[in-house]
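See below for the structure under consideration.
A, B, C, D and E are the chain letters, set down in written order, and residue numbers restart from 1 in every chain.
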Amino acid sequence: EDVKIGVILGFTGPLESITPAMGAGAEMAMAEVTASGALLDGSTVTSVRGDSTCIDAGAATAAAERLVTSDAVNAIMGADCSGVTGAILQNVARANGVVMISPSATSPGLSSAEDDGLFFRTAPSDARQGVIITEILQSRGVEQVALTYTNNDYGKGLADAFQAAFEAAGGSVTISAAHEDGKADYSAEVGALASAGGEVLVVAGYVDQGGSGIVRSSLDSGAFDTFYFPDGMVGTKLNDNFGAELNGSYGAYPGTDSAGAAKFVELAEAAGFDGTGAFAPESYDAAALIMLAMQAAGSSNSADFKDHVFDVANAPGVEIFPGELAKGLELIAAGTDIDYVGASAVELIGPGESAGNYQEIEFADGVYSTIGYR
Amino acid sequence: MDYLNALVAFLNFVFVPGLAYGAQLAIGALGVTLIYGILRFSNFAHGDTMAFGTAMTIIGTNALLALGITFGPLPTALLALPFGIGATILLVLFIDWLVYKFYRDQKAKPVILVIVSMGVMFVMNGVVRFIIGVRDIQFADGERFLITARDFKEMTGLDEGLAIKTTQAITVVVALIAMALLFWFLNKTRTGKSMRAFSDNEDLALLSGINPDWVVKVTWMIVAALATTAGVLYGLDKSFKAFTYFQLLLPIFAAAIVGGLGNPLGAIAGGFVIAFSEVTITYAWKKVLVYLLPENLEPDGLVQLMSTDYKFAVSFAILIIVLLFKPTGLFKGQSV
Amino acid sequence: MIVVENLVKTFGGFHAVDGASLRIEQGSITGLIGPNGAGKTTLFNVIAGVLKPTSGRVTMMGEDITGLPPHELFHKGLLRTFQIAHEFSSMTVRENLMMVPGAQSGETLWNAWFGRKGIAQEERALMAKADEVLEFLTIDHLKDEKAGNLSGGQKKLLELGRTMMVDAKIVFLDEVGAGVNRTLLNTIGDAIIRLNKERNYTFVVIEHDMDFIGRLCDPVICMAEGHVLAEGTLAEIKANEQVIEAYLGTGLKNKDKVMS
Amino acid sequence: MNPALKNTLLFCFVGFLLLITGILQGWNSALFILNMGLVSSILALGVNLQWGFAGLFNIGVMGFVALGGLATVLVGMPPVGEAWSAGALQVFAGLALGAGTVVGAVVIRKKLVGRARTFGTLAILVIGFFVFRAVFDAGVVAIEAVDPALTGNLGGINIFGPHRDANDMLLPDYFILLAWPMGGLLAAGAAWIIGKTALGLRSDYLAIATLGIAEIIIAVMKNEDWLARGVKNVNGLPRPVPYEVTLQSDPGFIARAASWGLDPVTASTIYTKLCYTVLFAAVLLILLWLAQKALNSPWGRMMRAIRDNETAAEAMGKDVTARHLQIFILGSAICGIAGAMMTTLDGQLTPTSYQPLRFTFLIWVMVIVGGSGNNFGSVLGGLLIWWLWVQVEPMGLWVMNLLTSGLADGSALKDHMIESAAHMRLLTMGVVLLLVLRFSPRGLIPER
Amino acid sequence: MSDPFLIGDAMTGGYGKGPDILHGCTIAAEKGEIAVIVGPNGAGKSTAMKAVFGMLNVNSGSVRLDGEDITRLTPQERVVKGMGFVPQTSNIFTSMTVEENLEMGAFIRRDDFRDTMTQIYDLFPILKEKRNQAAGELSGGQRQQVAVGRALMTKPKVLMLDEPTAGVSPIVMDELFDRIIEVARTGIPILMVEQNARQALEIADKAYVLVQGRNAHTGTGKELLADEEVRRSFLGG
């Protein structure tokens, strides 16, 4: 059998610079499985790409529709932006009963969407991260921060969650200012942030979007010199763009002290793409979960394997890391329970979203490195 | 009360960035306004022309760096700029020959040309991404700062710092020079006047012996030069990314229009109007006021008229208000 | 009928109309002459509401109409033609005329959608009327031509034709004659006289052709530099030194060349 | 070729494209494209009304579409009771104060003269602004505090929904249909305000003003969370057509599907889409009929005259300002209706998705390619360009595969080209657009 | 018989794909001669002028200048050959100042044209007053003066005028005709369309009456003036 997995990401549009690595991540998992020949008695897995455009629900739905009805994909890895993800879920995935695992849609709204058990995400929830950020800041004795977020459901959700958690813990947020991605200039935002002041600037944005623009502008004007970087901001891009200018800044992104994350970066390097790109690990994991669940259900039919996603993702079982998909498939075939850890330490909770384990990073000598796990 | 610190804070967070951003928009707007003034349509492909020129310049810069050539304290990209301009000129002349000429000969309505330029925009969009990819590219080197905030603080002993970047200074200077040159060129030189004549009344220009092909070529060449320069200066200050350049189109158009289409002076003024309205209206004046007011009067809140979410809304609102009082822009622009 | 008091219109610092006062009598055909740039067209534009006066007052039959927009003036029976033809270039010649009459019931959307047969009837009448006017102007063979494709003179005729589509009280003609063939102009002159006699239209005519003025106009007003220079019959005006100097001139100097 | 025949052939061609899509990519895809195409046609019709009929250069289409989308939330969602009691009163009082301030300023401007006028107006505006912010902000904070992760807004007026059957499966909620005219009304209201202020502007100046206003509308929708959750989106809007999953669980439907020889999933998805098709087509036909009637009446003639030469039209007794306002409102209302239909089809409101490229410029492309000034042209343009917009993606990939077929597998250039395939989407779109305009510069179905 | 200096010979043609407007129409001007074209509105006078200037397709017939066949040249090339033309409508650059309009007239001249400009200002004093004003803001008659002035700036070898006196006041019209005679005297052929036909015919050496794109009458100015039928049908009695 040739199993098809749709990869629907915004290959054009505002996220076009991170989606290539995400797509490559997912496809790496598929290639790995195909090579192993262990899935469902030697099935191959092919990826069918679709462009979600990130912003155009109509075009995204049309692309998904084509993938599902014309290419007959067995599952969807995607979409990226929460808006189009919701549209595809409601209009295509549910209607056709196709499983959909998003690597990057973090909107809390999606948690409560009716999904007939078809929708999962490997991205952790914003609420969880808000608590993590608060803990890290407090452990460093920071009491007053300025906050800026990218003006979409991810940024806004995270900012709200963080502000609530931080203030509940006694900290104060001097200003919570939105920034739009892909705009020409961020002096206005930085001006307002600087004026409000704070020990640290929390940048809830994307590293190769407005987030970097804000950091650049803040550094240049001397507005802030210490930053906190949530998941969307952590990437090697930071080292390239800013280097030593960020010494002393810190942050956290999903990951465990398991070897998974590092392994993934290695694999990605071998495959020729940037494994540290935002949501690339989550994409790998999303694709992997789909295939593992298929194996567990013994069927590539969404209706069958949708109930197995939780089983393969969560403990108990043998831990499976990136590059070990073959092992996972064989174990399942042998009837052994597995606990897929993967590149982003997936642990599904509640309505099918990642519980979120985080690794804390800090900049020194122009590069960031992991200093602990939470 | 501390006037100096207040002033420096204001300069650092409002004036200098506003000036630099305004100048960046202005150089872009000069190109848009020139196309509108001479060829009589709003060129939607301008953002992507900028992106193309910058991409070419980046390639040139990389080649120079590979050869070990740098430009001392100035960004190497400036050395590669002529190469970028040259490549862009070739491209736009080719596109004009392939695409626009046909509609000019047909005497198509301006709106057709606008839509055609959207087609060109889509194509260039793809071409640029194909050549250089979609990622964020930083290509600034040399001395980044004329003065950094930290140095300024040490030098003056003030609490507030003032940072001025090399590229900011270059941009402002280039913008003013470009504007003056263009103004002089259009109003004082023979070729410039013939270009205006051509835009005014094509048939009559023909009857006066003006060579329309030449006029069009010169226009595109200047536009290509302006677009590349604008793109490179912007990229040096911020970074290069194809998508952002496309997004730059809106503020650039706004600048050209609020200043008055077809008028170089207007483009400059428009650039600053847009930039400063973005920066000032959403600025939180707390910092400045804290220095100015006696302690017991210090503001609790941020003293921000509007939250930054409304940055664009506000700058557009100002644009609309300007247009309500000056329907063809600050400097009496043209309209078709 | 129309009284203009002390009208001033400035452009920047330049006084295009500079304290002009004049009366136009009901039922007259008033000629308005004056050198190029005397302010005649500007005066028209102010009276017809295209320009707002800087100061001064215009009344029509005792009613103050200063600064009313053109479309309101139209409905009060004040029509004008343009010196530089303002045809609707992408519409046919006939449509150019048919659009003129005001208060067509088909001009409200509701009627356009749900109107009864009434509109069709109205349209037929309009079309007949338009054809009649076109025939009169000798351009009926062009009725389905786009107005933009007319010759310079034909556009002028169309301009005039529009004023003939409705029952006006007063019509301002801005150089209808320029570029119109003289034979046809005579016919037009006859028509103007007829409209004046039969329908009691009042006309104000700007023209540089003294023969034409002479044939039609009784009072003739000569403007110069924005104000009224002289007023009277054409003969009186023609004898006026100032008018001769500023406007009429003394004929060709190079006649000798022709003679030789 | 005679024009009527040519036009018929063109429409047949689009039908043929859809047919091919149906055969090659499945009827679901084809129907989906048709549905969005119908909505696009309506949008194009609205823009054509403004541009083709009256020469108004409105590139703020996006704003009106978004207002239509907003209407679906305000009409379709159930009210959030807690939020209403928390701060609705204050918010509305604040808004009233804001409106009062503006009206007051306008009145003062009319009444006073000279210095006093400037200062009076300014004083009213400044004081009014702060009072407005004080009252309004407090209300907003209260509302947004109500369960921000799920609601945090006032919700809509749909006190009846959602409807469920005995098995707790969702049933269609026809109340949402009310959102379509409401979207039109909302857009019309906005257009009235805009028209009153900005319609005096000419060509490109009007264009940028409308663009600006559209951006302002989007900014408000993104940031005023109390209204429709801002960037956090509103999911789960009710639908006027049966839900696929409900149908799939309905034994009656399964049986019927089986009798057609279809499996329940395919049957239900197609059935639902067909329902939308019928609804959309009905709206389109009504609007098309109205637009045609209007264009070919004396009213249409008057509008064309105004478009050609405003000065002359004014002198011929046509109230240009009033007509402009009228048609601006009408066109915008149509865009609002289409916007509401589109959001209904999506089932969710996503303010971040309103981008000028997609919701303004693409519509303009439809109008111009179809042939501005011609209603049928707009409909054709809407269907055709939308089809292209969706299909250029596979086409781009196909082109790239074709181009690289000669290259060795694994060569760097080939990889690079395949990787860039997604961007070929826009490139292909551009090329097709340029080709169409090259061979019929006045559009496919030009104005007579 | 040797050719006249400028001749549009048996021209047939029309606008774009439309019907032919000209049907074998011939117009010509000798050195030092004033040739006047009259005819009813829409007769094709302007069209004939444009045809001579290469602004529309001439399907058959030819245009010759000084014995050289220029039928295939672009208008621009004809300007370079020394032809000057004042069209009937949109004959000025409205957004440019009066002085710039005149400069544009001298666009192909490489020599110093200040003298010519002074002459033009002498001829039309009002233009000197308004030299820095946008030409679009001028009165109708003033625009006409700018248009003629622009053509004179070229110092053309032949001058073609399409209704130069439309809308100008009698005094300026006289001046204009005077000037035209002077120009002609310097040996420059002048081809002119006029509706002020009687005055024009008085100074015309040669005159054409065009009707529906065809030559209806040809003769000297005086002959036509004397022709009863021509007077009645075309000159207004």
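As a working rule, a residue touches a chain if its C-beta (ideal position, glycine included) is under 8 Å from a C-beta of that chain, and two chains touch if they have at least 3 such contacts.
The chain list, named the UniProt way, goes like this: B = Amino acid/amide ABC transporter membrane protein 1, HAAT family; C = Amino acid/amide ABC transporter ATP-binding protein 1, HAAT family; D = Amino acid/amide ABC transporter membrane protein 2, HAAT family; E = Amino acid/amide ABC transporter ATP-binding protein 2, HAAT family.
Keep in mind that what you see is a predicted model, and the values were worked out from it rather than measured.
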> Can you list every chain that touches chain A and also touches chain E?
Replying inline: B
> By the touch rule set out at the top, what is the minimum number of steps from chain D to chain E?
Replying inline: 2
> Which one of the chains is farthest from chain C, going by Cα centres?
Replying inline: A
> Measuring centre to centre, with centres taken as mean CA positions, what chain is farthest from chain E?
Replying inline: A
>> Can you compute the centre-to-centre distance for chain B and chain C, using the mean CA position of each chain? Integer Å is fine.
In response: 49
> What whole-Å value do you get for the distance between chain B and chain D if each is reduced to the mean of its CA atoms?
Replying inline: 31
>> For chain C versus chain E, what separation do you get between their C-alpha means, in angstrom?
In response: 27
> Residues of chain A touching 2+ other chains?
Replying inline: 16, 20, 151, 178
>> Two or more other chains touching the same residue: where does that happen in chain D?
In response: 222-223, 423, 425-426
>> Can you work out from the touch definition every pair of chains that touches here?
In response: A-B, A-D, B-D, B-E, C-D, C-E
> Which residues of chain D touch chain A in their complex?
Replying inline: 24-29, 32-33, 36, 148-150, 170, 222-223, 229-236, 244-245, 248, 265, 268-269, 272, 342, 345-348, 350, 352-353, 355, 358, 389-390, 393-394, 397, 419, 422-423, 425-426
>> Please output the residues of chain A touching chain D within their complex, sorted ascending.
In response: 11-12, 16, 20, 49-51, 53, 55-59, 61-63, 65-66, 68-70, 81-84, 86-87, 90-91, 94-97, 107-110, 112-114, 116, 127, 151-153, 155-157, 160-161, 178
> Can you name the residues of chain B that touch chain A in the complex?
Replying inline: 9, 12-14, 16-18, 21, 24-25, 129, 134-136, 138, 145, 148-150, 161, 163, 165, 234, 238-239, 241, 243-244, 247-248, 251, 275, 278-279, 282-288, 302, 304, 307-309, 311-312
> Can you name the residues of chain E that touch chain C in the complex?
Replying inline: 15, 18, 39-42, 45-47, 88-89, 126, 137-142, 144-145, 163, 166-175, 177-178, 181-182, 185, 195-198, 202-203, 232-237
> Which of the residues in chain D end up touching chain B in this complex?
Replying inline: 51, 57, 197-198, 200-205, 207-209, 211-213, 215-216, 219-220, 222-223, 356, 361, 364-365, 368-369, 372, 416-417, 420, 423-431, 433-434, 437-438, 441-442
